[in-house]
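Okay, handing you the structure first.
Naming follows writing order (A, B, C and D), and every chain is counted from residue 1.
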Amino acid sequence: MTQTPILTTEGLEKRFGGVVAARDISVALHAGETVAVIGSNGAGKTTFVNMVTGYLKPSAGKISFRGRDITGMSPRDTARAGIRRSFQISQIFPELTALENAMIAEIAALETKGSLSSHAITDARMHAARGVLARFGLEKFADTRVATLPQGVKKQLDIAMAAVDDPAVILLDEPTSGVSVDEKISMMESVITPLMNGEGTVLFIEHDMDIVSRFASRTIAFYEGTILADGPTEEVLRNDEVRKYVIGGTAHA
Amino acid sequence: MLKFTAIMLDGLNYSAWLFLVAVGLTLIYGVMRILNIAHGAFYAIGAYVCASTLGLYYGAGLPEALAFLAMGLVALIAGVVLGLAVERGVLRFLYGKDEVLMVLVTYALFLILGDAVKLIWGVESYFVYQPYAYFGFVEIGGLPYQVYDLLMVVLAVVLGVALWFWLERSRMGRMTTAVVADREISAAMGINVKRIFATTFAIGTFFAVVGGAVTAPKIAVTPGIGVEVIILAFAVVVIGGLGSIPGAAIGAVFAGYARALSVHLAPEFELFAIYAVMAAVLAVRPHGLFAKVSGRKI
Amino acid sequence: MTQTMMKTDFRREPVYIAVLALLLIAGFFLPSWLRFLLQTALAGGLVALGVAIQMRAGLVNFGQGLYYCLGGYAVGLLSAKLGITDVFVLLASAVVVALLAGALLGLLLARYREIFYAMLSLAVSMILYGVLVKAAALGSTDGFNVPPVTYLGWLPEREIRADVVYTLAAVLVVVSCLVVARYLRSGAGMLCEAVAENEIRLEYLGASPKRIVFFVIVTAAGISGLGGGLLAISTGHVDPLMTNWTTSGGFVFVALLAGRGSTIAPVIGFFLLELVQTYALDIAPNAWQMILGAVMLAAILLLPGGLWSLIDRRGKA
Amino acid sequence: MKKIATLACVSTLALTGAAMAQDSIKIGVPVFLSGAAAGPFGEPEKNAAELMFDALNAGEVPAPYNSMGIGGRMIDATFIDEASDAVVEYRNLVERTGVEAVIGYTSSGNCKSVAPVAEELETFTIFVDCGTPQVFEDVVTEPKFLFRTGPTATPDAVGAARYLRDSGYDLSRVAGINQNYAWGQDNWRDFTGALDALGTESKYVSNQMPQLGAGQYGAEVSALLTSSPNVVYNSFWGGDLEAFVLQAAPRGLFARSAVLMTCGEALFPAVGKNIPEGAIVSARGPFSVFAPENDLSTWFAAAYEERFGEYPTYPAWKMAQAVLGAKAAYAKAGEGATAADAAAAMTGLEFEAPSGIVKMANANGHQAIQGIGFGTVTQVDGKPTVENVKFYEAECVSPPADMRAEDWIASGFEGAVCE
């Protein structure tokens, strides 16, 4: 991999009072990669995602996106720059239908790509919103109020909304949490496949090593706020320290 | 110096009164998430009930010293009956509705109770000035001050501490605190949320009624006395942080001293001193001084 | 492809507004007292509409009377104190003053949500109330009177003055509904619902909830200012009660009950409320507030989806 | 076309009024039936109106009003609550209920907003109590149909200043406590203006302006006590006035300063025995304890007390006066008079009332002027009454017909005729 990375972090650190939640996180993500982030609870995975997407301001270190310093940027500006995310607890618009959810994701882009005063409901935009639902296999829920949908579908919708603008980097915070064991793989398939079709980089936090090895080409293992290992998935999963501290800690503790 | 004494005393006195009328509002909001506009009507009913029953009491020539006992008893009965009637009769059908809708429900109740008061007591003033005069006055630094007003401060402190003890120490109170923290988990743990709601509403109403009852001897009890009270109580509660009882105390002190200061130093600003304090506090601390801001989990 | 979004059927909106226009034309032939009631209700209806669009963003403004009052006082001051009587200048000023106030307050209020938004807007409106009550030069609580207005230099004869004012009010209300409907179809209008539902998600989609809220505050301020200006011209009188919380409470009630099915719902709802009030006053001068309260309570209990749910099949709040 | 549509649309709504019998006169009476003003104003006004209407219909009022009804027609009254949208409800009275004349209004704000509408709808309208001089000075400068049979608030403040000076009170340190709205602000402005015009060289040591309906005056009373005034001027009314007396009296404010209450007479029935002796009161005109003794006043006070169980306070007297003014106007206009005829006849009229002769002297004959009395309270057998009474004639405390009240005070009462 000789191309320049699309997103890099250098020496990221986050302290909450005296507690160090993340330390010396240096990562380089390249276009088109699918990366899994593993680690036990409190290892710093979500803190890392939160810093990259602007929810938390790093105490030290630097984040660059396409060569631009985006450290400390707001979630909104990060999103506009092309970094999107989904959430561990699905963040959707519960009282609206799935189509309306997708439409809002389309319209939200108007603030940068058009004018907020223009007509929001156009046939082209409707078409695009339906297209997004279709890509993620959600078209049958288009007119359903999403609060009533099952947990897994809500998470799919959350990811679909994050993917609306074909972002350069998309970060998925535990996409399969809350989804029943036997549905995890099919759910992952239905979201990762459409995401990988684009040019974008996908990073997802995952506890299930089966899913990690199945979907991620590269894996980063976190332990106590630092990166324990970073490399091709098979190598990282074979790493002794990772087996001892991470996989043991999550799967067999 | 005299002016300073006056400001201290007047501020304290007004703070005590504000606390009495506001604490029930904040308790009900904290537990039930109902911003109760009918609180003003409860205050007015407390004043009317006190004035008319004490009128009968004095008319019957009963001992003056025991009038205060009668006053407390009447306030307790009126508060519980009224609170339970409104909670059981109307509010319980509406739990889980939008907060704003509940504001309007209580506004409708306020209108209905206001006219009900008029139909029961008429529009002419009621007076029960005997308790106010009973203790006479003392001179504090050369300023004559009614002992009754000073006792009101004592009452506010006693009732405030009693409420705090009930919430912190009693079984029922701790269950109430649990409901405030998380209604669903509390219900899942087997706490009878319905009973907590009814009790809380009755206690909150009792405070409003007491506020009206102890004010009645100082004023002419007339239609419309509840209107100003709601807004003042709202202001106090919002300054302190909705749902916080220490907040209500601090909010009352802020608002009470703001008023006393403006009366003595800049009387022309008295009309909006309290709103100005409220706007200023909210501009700096959007959720009031004592609010527990629960950040949303993502 | 469906045009029904966020509980509003935008295809039908022009039809509804046309229905409103027809109703207002029919209203021209009402007996004069009823038409006058309708005319003042139209002014208030615009404010209720302003409250209603903020509700789409989950914001309940318990101080919308502020802009109503500012619009009314702008018209009153310019005409009574400065002698400007042209209705178009006056109403434009009312809107501009309200827009400016909305923009200024919007900067502050856009940070607030839920009950805190309600309480802070209430506080600000009550500060204006306090200032106006203190302003002896403006008649304090009595307010002051507004002289008859001219139309591009034409002062209508006394006999037709009422007809002209009614026509003006009707036209402006229809235009306002169209403008608001257009706003609701825009990105800024459409995202209001998203602000109410989930700001965090919206933020991570790259939109600015604060800006969306700011826009809705300013839009609502503008039409409320117009409503205030219309009221000043209709009744020929302004007073500080326009910015009292009880006035604002009425707008909130109507906005909530009207539902969000159409821009015309709050306008019609406000007229119905005024009608209930005046008949209650007539039937039971001693207990009219009780009747009003009972009607409000009944409406909340029996029509949880708002009045519009009677018209709209999908109207589930 | 318009008429047909009207009938078709709303026949059920509109016709209730028009169908009334020809031999009655429909009168609308807006008074406060709710809110803080209902007790002190609305109730006595409504009582007095009912008493007068019944007595007139039965022909029981003493001469010259001993003929039945008004203009030979029986009175059919509609009471409405003044605590509502005044303009809308005034229109409803005239256009929906179809009243021929309107007698009422206590609030100055309502009077100001209704005044132009009364002229626009050409409806004979008599304001009973509202005090602002602006009604005829600014709002309706060429009235035809609008009258006010009660004096404005100007004589209260001017009379108070004169009474204090003439009675030898020490006016070196003066304080005020007035409600923070138009009424209280105007009162304080006129009172201090009048003192200045009289050259008392008073120092105004405290100007308390509590909110209308505040009810609690602990801090204000402290502020008044600490500023040690010789005289305190107070224009409170209703529950606020009663609460003020209840809170200020026990703290000795009345003992330390001379307290003048322009509406003080209204305290007599309810809290009369709580008023400390020596407090200065008026009835805002020649009413109640300040009324002259004549057949009408004796009859009115007795009839009112018999029917309602208490002595009438000044708002009742003002209402009785307004009703009799209407009766006198119709009588002067002659048989078969319309409301317009009555309005024409009332212009400049002088008529008898329980308060003596009422002269419609100002505002082109549309505004009454009357004198005002002040006195100090004394308790006789546990009942309050007044002593040290001084009465100022109308010409002494009212501006001449061609002058605005404010200018007149500023000019040092130009043209005032005092004994």
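We take it that a residue touches a chain if its C-beta (ideal position, glycine included) is under 8 Å from a C-beta of that chain, and two chains touch if they have at least 3 such contacts.
All figures in this text were calculated on a predicted structure; none of them were measured in a lab.
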Length of the shortest touching-chain route, chain C through to chain D: 1
Chain whose mean Cα position lies farthest from chain B: A
Pair with more cross-chain C-beta pairs in contact, given B-C and B-D: B-D
Where chain B and chain C are represented by their mean Cα positions, the distance between them in whole Å: 33
Chain A-chain B separation of Cα centroids, rounded to whole Å: 50
Distance between the centres, which are taken as Cα means, of chain D and chain B, whole angstrom: 36
Separation of mean Cα positions, chain D and chain A [Å, integer]: 75
Chain C, residues touching no fewer than two other chains: 133-134, 200, 286, 288-289
Interface hub residues of chain A, defined as touching at least two other chains: 87, 91
Multi-chain contact sites of chain B, meaning residues that touch two or more partners: 114-115, 118, 227, 268, 271, 298
Contact set on chain C toward chain A in their complex: 1-3, 5-6, 10, 185-191, 193-194, 197-198, 200-208, 211-212, 215
For the chain A and chain C complex, residues of the former touching the latter: 53, 74-76, 79-80, 84-85, 87, 91-96, 100, 103-105, 107-112, 114-121, 123, 126-127, 158, 161-162, 164-165
Of chain D, residues touching chain B in the complex: 33-36, 38-40, 42-43, 180, 206-211, 213-216, 218-220, 222-223, 225-226, 238-243, 246-247, 250-252, 270-271, 274
Touch list for chain B against partner chain C, complex: 35, 90, 93-94, 97, 99-101, 103-105, 107-112, 114-116, 118-119, 227, 231, 234-235, 238, 242, 268, 271-272, 275-276, 278-279, 282-283, 286-288, 296, 298
Contacting residues of chain B [partner chain D, same complex]: 2-3, 6, 9-11, 13-14, 17, 114-115, 118, 122-125, 127, 129, 132-133, 136-137, 143-146, 149, 215, 218-225, 227-228, 259-260, 263-264, 267-268, 270-271
